[in-house]
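Given below, in the form of structure tokens, are the structures.
Next come two complexes, and both contain chain A; in the first it sits with chain B, in the second with chain C.
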Partner chain A sequence: MTEPLLRIRDLRVDVQGAHALAGVDLDVAPGAAVGVVGESGCGKTMTALAVLGLLPPGGRVLGGSMSFAGVDLRTANLESLRGNEIGMVFQDPLTSLNPTMTIGAQVAEPLLLHREVSRREAWRTAEEALGLVGLPQPAERMRSYPHQLSGGMRQRVAIATALVCRPKLLIADEPTTALDVTTQHQILELIDDLRRQLGMALVLVTHDLGVVAERVDEVAVMYAGRVVERARTAELFNHPRHRYTEALLAALPERSARDLRAIPGMPPTLTEELAGCPFAPRCAHTTDQCRDERPALTGDERHAWACFHPAPPVPTTVVTQPVPEPVGEQVLLELDSVSKDFPLATRPLLGGLTGSVSAVAGVSLSIRRGEIFGLVGESGCGKTTVGRLVVGLEQPSSGQIRFDGKDIATLSRAERKPHRRRVQLVFQDSAAAMDPRMRVGAILREPLAIQGIGDRREQRRRVAELLAEVGLPEQAVHRYPHEFSGGQRQRLGLARALALRPDLLVADEPVSALDVSVQAQILNLLRRLRAEHALTYLFVSHDLAVVRHLADTVGVMYLGKLVEVGPVREVYREPRHPYTRLLLDSLPSAGAHRSSTAPGGEPPSAARPPSGCRFRTRCPRAEAVCAEVEPPLTTDGGRQVACHFPG
Partner chain B sequence: MIAREQIARSFVRNRLAVAGLVVLLLLAAFSWLGPLLWPTDQVHTDLAAATLPPGSPGHPLGTTDLGYDLLGRLMVGGRSSLEVGVAAGLLATLVGTAYGAVSGYFGGWVDAVMMRVTDAVLAIPALFLLIVVAAMVTPSKPLLVLVIGAVAWLSPARLVRGEALSLRSREYVQAMRVMGGGSVRAVLRHIVPNTIGTVAVNATFQIADAILYVAYLSFLGLSVPPPATDWGTMLSGGLTYAQDGYWWLIVPPGVAIVLVVGAFNFIGDGLRDAFEVRLQRRPA
Partner chain C sequence: MTRFLIRRTLQALVVLLLVTVIVFALLHALPGGPARAILGPRASLPQIEQFNHDQGFDQPLPVQYLSYLWHLLGGDLGQSYRLNQPVLDLLAQRIPKTLVLTCSATLLAVAVAVPLGVLQAVRRGRFTDHLLTGLSFLAYATPAFFLGLVLIILFAQTWPLLPAEAPQSAGLGGVFAGFGGLLLPICTLAAGMIAAFSRYLRSSVLDNLTEDYVRTARSKGQSERRVLVRHVLRNALIPVVTLLGMYLPALFGGTVVVESLFNYPGTGLLFWSAAQSSDFPVLLGVTLVVAAATVLGSLLADLVYALLDPRIRTVR
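Right after this comes the complex of A and B.
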């Protein structure tokens, strides 16, 4: 093996008393791509920041060594390396770009700092870099400000800034987490491409195993401030040895069958030094040795793991499709060409609207009793608004929403309150959806109190029942929401939604803020609750893998329109709308092979949708008729698609 | 809903706030219990014993221009100042909070109209309002409370309205609406309790301000009628003799006012921290 470009040995970092890194070993060869994966708080970002000398306040390097191209990073002048020899891309391009500087000035800045070049040369090189990252009309964009660009474009600019000095190493920290799935695909392709073109090494830090699956040569899995397993990518995904990696892969919705193998418990807090294996408390294979002794990284160059009882080197489970639950024929919820317009600017008192935007533009769908209907689409497509319309947080501008055969807009005041019991909402961020001043007991009792169900004693009993149902201890009633972890709060959110024994649960991205292992716990819980309470779900999500795992029927939205509806299995196997195909092709997936059709463009603004078919501006099959006639949603053998040229 | 012991615990952790509370209690004890230990005649003037300096026999802090014992007069004045200050501050806070919460929660044209009303009241200079009132009526304690309250409610109203505007779009308010809850519950259970930190802090500042207002008003001649008095009136009366070397007419009431205003401000800071549930540590 050649001398590594970046070499980290036993790196230990302390951040305000917490052992953020407890001995990290990592090598990156020149030109190689290494993925660093792990759940939140495992130290992956901290490793990147330590290399760059950008530890947060209160953070300091306690020990170990880091060298870059033979230079000791602990003593080197990092300012001359950062942005020069080592480029970096952060998660949120909106905060990593300066809103008061033009794009051109920001991309040229590293050149002026590190290279003896004139302003004119720097400007020209910056323009070249913008062309390289695929920004259309780079010359004009040089004078734009960050807010004038979309998220994907901003991330391209951030990458251009990182690359303009032709670094030997690019560190990308969750570069696509804030982006939509099709944009994510574009950015990952771009990074891949540039890496080969410029011959740089890449460290890709991410929580998403799918993102690294086919992008990097080698993957390092981190847990509790340590690298617990390191291997060639294919090797790791096919034959994980460390029990944590194995469990993590089994928790991925795209890889496993009906019930996900959730990892019990939470990652350890890093304030106390653990004697044994940090994963021991959550591991199914723990022995006394694991609790007393810390396993060292063993194995060879190709594959190393830190586990006393590694998984046998045989292939893990193959991808199987979940079998859908039997669904009744009775329609519970029906949307009939529902639209929702939002005014763009209003002036109260003076009146007068100045245009409006149709977040939802004529959506018709029906959900049968007992069904899980997954609604997917990119951000801004109107899927969340559909959910809010269904629970009554918004009123439709036109169209009808019928619940159990009754138009909910015509319900009288007296009918409305009992109707509320039957439709409940689970929020993405349960922390924001609970009054921070209320204890859990009061939060769970509130729906019962509003609906006047039972006296105080009965309500208390029901609260205890709900907590047990979602797997939380009874003593939780005395605590405040902020004292719980993200997964536990999501359980509380579910408990509250179930308090009124609803028929329909609208879940708006209920697992997208959670780590993979916790996400699996919640998905399993959702599945169990449906079976036990004969629930129907409208499951709104941007994550196609989660929807495939959980839903019976999937609806795909694009710019306020439903473009395809059908049984999950059929739609995923054989998408008929070109947009569905684009989404599925963009889906990063751990293990499964992916065709590499590079999708183009970004969704246009919903305020001025294209004429005819709204997708035509990005569609490879678009013809003249698409600009003139809007394709209606037509039914064909149990599947619906809105396209002139369905596949 | 909020555990009182926990709030008390984190309040006690703030040393300045505790100091403020102690000072306030001492001043209250001085004003109400003091006359039992140091009875003086605060009704009849005694011009023969006017403007005696501190340390004179029987008058440790001296006497006023009308011959009242100054120590005893501070006690009597403290009662009026604290009574009017606390009552006016609480009145302004209550009215302002209710007004602001309703305005912010409903938003739209309700908010627009209600806030234009506060703008209109704010546009009238408080001084002008007070002079008019002073010219028209004979002052009394309840009247002082009303006048000060009428001027002071605007600031909590605007503060709470701003908070309510952001609170009403919080997801927990939406969650409550999905459960079928109405506006009354939203305002009483979710909006107002979540502004309690701001309101409590503002209330203490309002009380401190009201005590100063009583002092301003006495300069305009709108103070409690003699022989009753308050610290503000004593201060403005003493200033008449500022050139004559009677410093003891100015310094004691001045110090008393500074102490009480400072005490309320420290208590306000302590309350703000104490009401922040998320900062509280759970005893192990």
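Right after this comes the complex of A and C.
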């Protein structure tokens, strides 16, 4: 192996008393692409920040070595390396650009700092860089401010800023996590292209195994502040050796069958020094040796792991599709050309309304009792509004919502209260939707008290029952919502929703904020609860893999319209609407085969949707008729699609 | 932008009209009234009635108000009872002096508070921060009249460096010639502002330092100083500008105290003596000017806000 460009040995970092990094080893060869993956808190971002000396307040390098191109990073003048030899791209493009500086000034800044160039030259080079990252009309964009660009465009600007000095190494920390799936695909392709074009090395930090799967040469898996496994990418996905990697891959919804193999428990808190393997408390293969001794990375250059009892080198489970649960024929929820218009924001400087936007524009769908209906689409497509309409948080502008055969708009006051019991909502961060000053016991009892169910003693018993059902200890009633971890918060949210024994649960991105291993626990719980309580779900998500795993039926939304509906298995195997195909092609998938068609463009504004078919501006099949006639949602053999030229 | 300005001006006019109504009603609800104040306690009842008839005070209040308004539209703010001068002339003479005082105090406050606030934020939790925080609270909690007295005792009596009285000349030239006499009033007026602004800026800078864009700025390889000046300061100043606009009325309240204390013949002193002698036309005139200044101040704050923050500027 050639001399590595970046070489990290036994790096130890403390952040406010927590051992964020407990001995990280990592090599990046010149021009190579290395993925660093792991769940939140595993230290992947800290590793990246430590390289640039950008640790958060309270962060301190305790020991170990870091060198970049032969320079010791612990003693080097990092200011001369940052933005010059090493570029960095951060997660959230909405917040990582200075809101009060023009794009041009921000992209040109590293040049002015590190290169002896005039302002004019810097400006010109910055403009070139914007062109390089595919920003349309770079010359005009130079004078724009960040808020005038979409998230994807801002991330392109951030990448241009990182690359403008042609660094030898680009560190990208979750560069696409805040973006929609089609935009994510574009940005990943862009980084790929630029890396080859400029011959730079790449460290891609991500929680998403799918993102690294076909993008990098080598993957390092981190857990509890250490690299526990490192291998060539294909080798890692096909033959994981460390038990954690093995378990993590098995917990991916796109990889497994019926029940996900969730990893029990949670990653260790990093405040205590761990004697043995940090994964030992959650591992199915733990022995005394694991608890007492710390395993070192063993293996060769191609593949190394830090595990005493590695998985045998055989292929892991093949992808199998879930078999749908038997679903009843009775329709529980029916939407009949439901629309919801929102007034556009008033102009703060001028006043007055300027029109309205149809967040939901004529959506019809029906959900049968016991069904899990997955509603997917990119941000702003109206899927969340559909959920809010169904639970009655919003009133439709037109159209009918029928629950159990009754139009919910015509319910009398007396009928409304029992109706509310039957439809409940689960949020993305359920605990954030709870009163932070109420204890869990009071939170869970509140719906029972409001609906006047049972006396205090019965209510308490019911609360205990609910906690047991979602797998939380009984003592949880005395604690406050913020004391729980992400997965536990979601369990709480489910317990609260279940308190009134609803028929329909509307779950809005319930697992989006969770790590893979915890996500699997919640998905399994959702599935179990449905079976035990004959629940029906409207499952709103941007994550196609999760919907494929959980749902029976999937509905795809684009700019307020439902463009395709059908049984999950058929839609994923053979999408008929070109937008569905685009979504599926963009989906990063660990191990699955990916087509290389780069999706075009960004969704237009819902305030001014294109005429005719709303997708036509991005559609490869679009013809003249698509601009004139809006395709209706037509049924064909159990599947519905709204396209003039369905595939 | 033009439409925005027109709208705001119309709004301002409505506000001013409401101010006249309220002040007019309040003044006339006061016991005693100008006749007693001007003619003295020994004036007989017929004399008072004669005065009230001459001034039109025996007419119904709405009629009096409309008559005042009518004159106001003609640019006539009335005649001071006590000084026997047109209110307009009095204001024209006094306002520039108060402006010299308040503008100097504001400039001083901003010039001191900005570096102080940034320093506190950068040294957060260390000795400098604690010391400055303590001093800020002290300055903020000290009433202006007390601070003024302390300053007079220290710098005019113990160490006679500065005069205890502000310049008395009628013209602005004299004021600038004797600017040394204004230093104590300016400092008295600025102390509270420095405390308020630096505290505000401190938390604003701290908020901004944790923002992602600051990390991005660091990742470009800039020095910490450059990050602060080029990136953080502008963003941190945005909320402070709003505070400045809102501070204007309080500033006038300060001038009433400070001008009386240092016997500076500005608008504040005019207001104070007019209030003591129920000099209605003067009170109304000053109130109108202050109200107009307040409205103008918040308008200016909005404009500067838009200048600093492009997200406000380009909303369409």
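The rule we apply is simple: the second predicted complex is superposed on the first by the 637 of 647 C-alpha atoms of A that agree within 3 Å, B and C clash if a C-alpha of one lies under 4 Å from a C-alpha of the other, contacts with A are read in each partner's own complex, and residues count from 1 in each chain.
What we mean here is this: contacts are C-beta pairs under 8 Å (C-beta built on N, C-alpha and C of every residue); 3 or more make two chains touch, one makes a residue touch a chain.
This is a predicted model, so every value here is computed, not measured.
Asker: Given the alignment on chain A, is it a clash or a fit between chain B and chain C?
Answerer: fit
Asker: Check whether A:429 is in contact with chain B, with chain C, with both or with neither, and answer first, second, both or neither.
Answerer: first
Asker: Between chain B (first) and chain C (second), which does A:512 come into contact with in this model arrangement: first, second, both, or neither?
Answerer: Neither: A:512 stays clear of chain B and chain C.
Asker: Just checking: does A:439 make contact with chain B only, chain C only, both, or neither of them? Give me first, second, both or neither.
Answerer: Once the two structures are laid over each other on A, A:439 reaches chain B alone.
Asker: For A:447, using the defined touch cut-off, is the partner it touches chain B, chain C, both, or neither? Pick first, second, both or neither.
Answerer: After superposing on A, A:447 lies in contact with chain B but is clear of chain C.
Asker: After the fit on chain A, how big is the angle at chain A between chain B and chain C, using C-alpha centres and going to the nearest 10 degrees?
Answerer: One gets 30 degrees for this angle.
Asker: If you stack the two complexes on chain A, which partner ends up touching A:238: first (chain B), second (chain C), both, or neither?
Answerer: After superposition on chain A, A:238 lies in contact with neither partner.
Asker: Could you look at A:113 and tell me whether it touches chain B, chain C, both or neither (first, second, both, neither)?
Answerer: second
Asker: Measuring by CA atoms in the overlay, how small does the chain B-chain C distance get, in Å?
Answerer: 6
Asker: List the residues of chain A that touch chain B in one complex and chain C in the other.
Answerer: Overlap of chain B and chain C footprints on chain A: residues 348-349.
Asker: Please name which positions on chain A make contact with chain B in the complex.
Answerer: Contacts found on chain A: 348-349, 391-393, 416-417, 420-421, 423-425, 427, 429, 432-439, 442, 446-447, 450-451, 480, 482-483, 496, 500.
Asker: Taking the touch rule as given, give the residues of chain A at its contact with chain C in the complex, in rising order.
Answerer: Within the complex, chain A contacts chain C at residues 52, 54, 78-84, 87-88, 90-92, 95-101, 109-110, 113-114, 145, 147-148, 158, 161-162, 347-351.
Asker: If we count contacts the way the header does, which residues on chain C are in touch with chain A in the complex?
Answerer: For this pair, the touching residues of chain C are 1, 3-4, 7, 211-213, 215-223, 231, 234-235, 238, 306, 308-312, 314-316.
Asker: Which chain B residues qualify as touching chain A in the complex?
Answerer: 1-2, 108-109, 111-113, 170-172, 174-181, 185, 189-190, 193-194, 196, 277-278, 282
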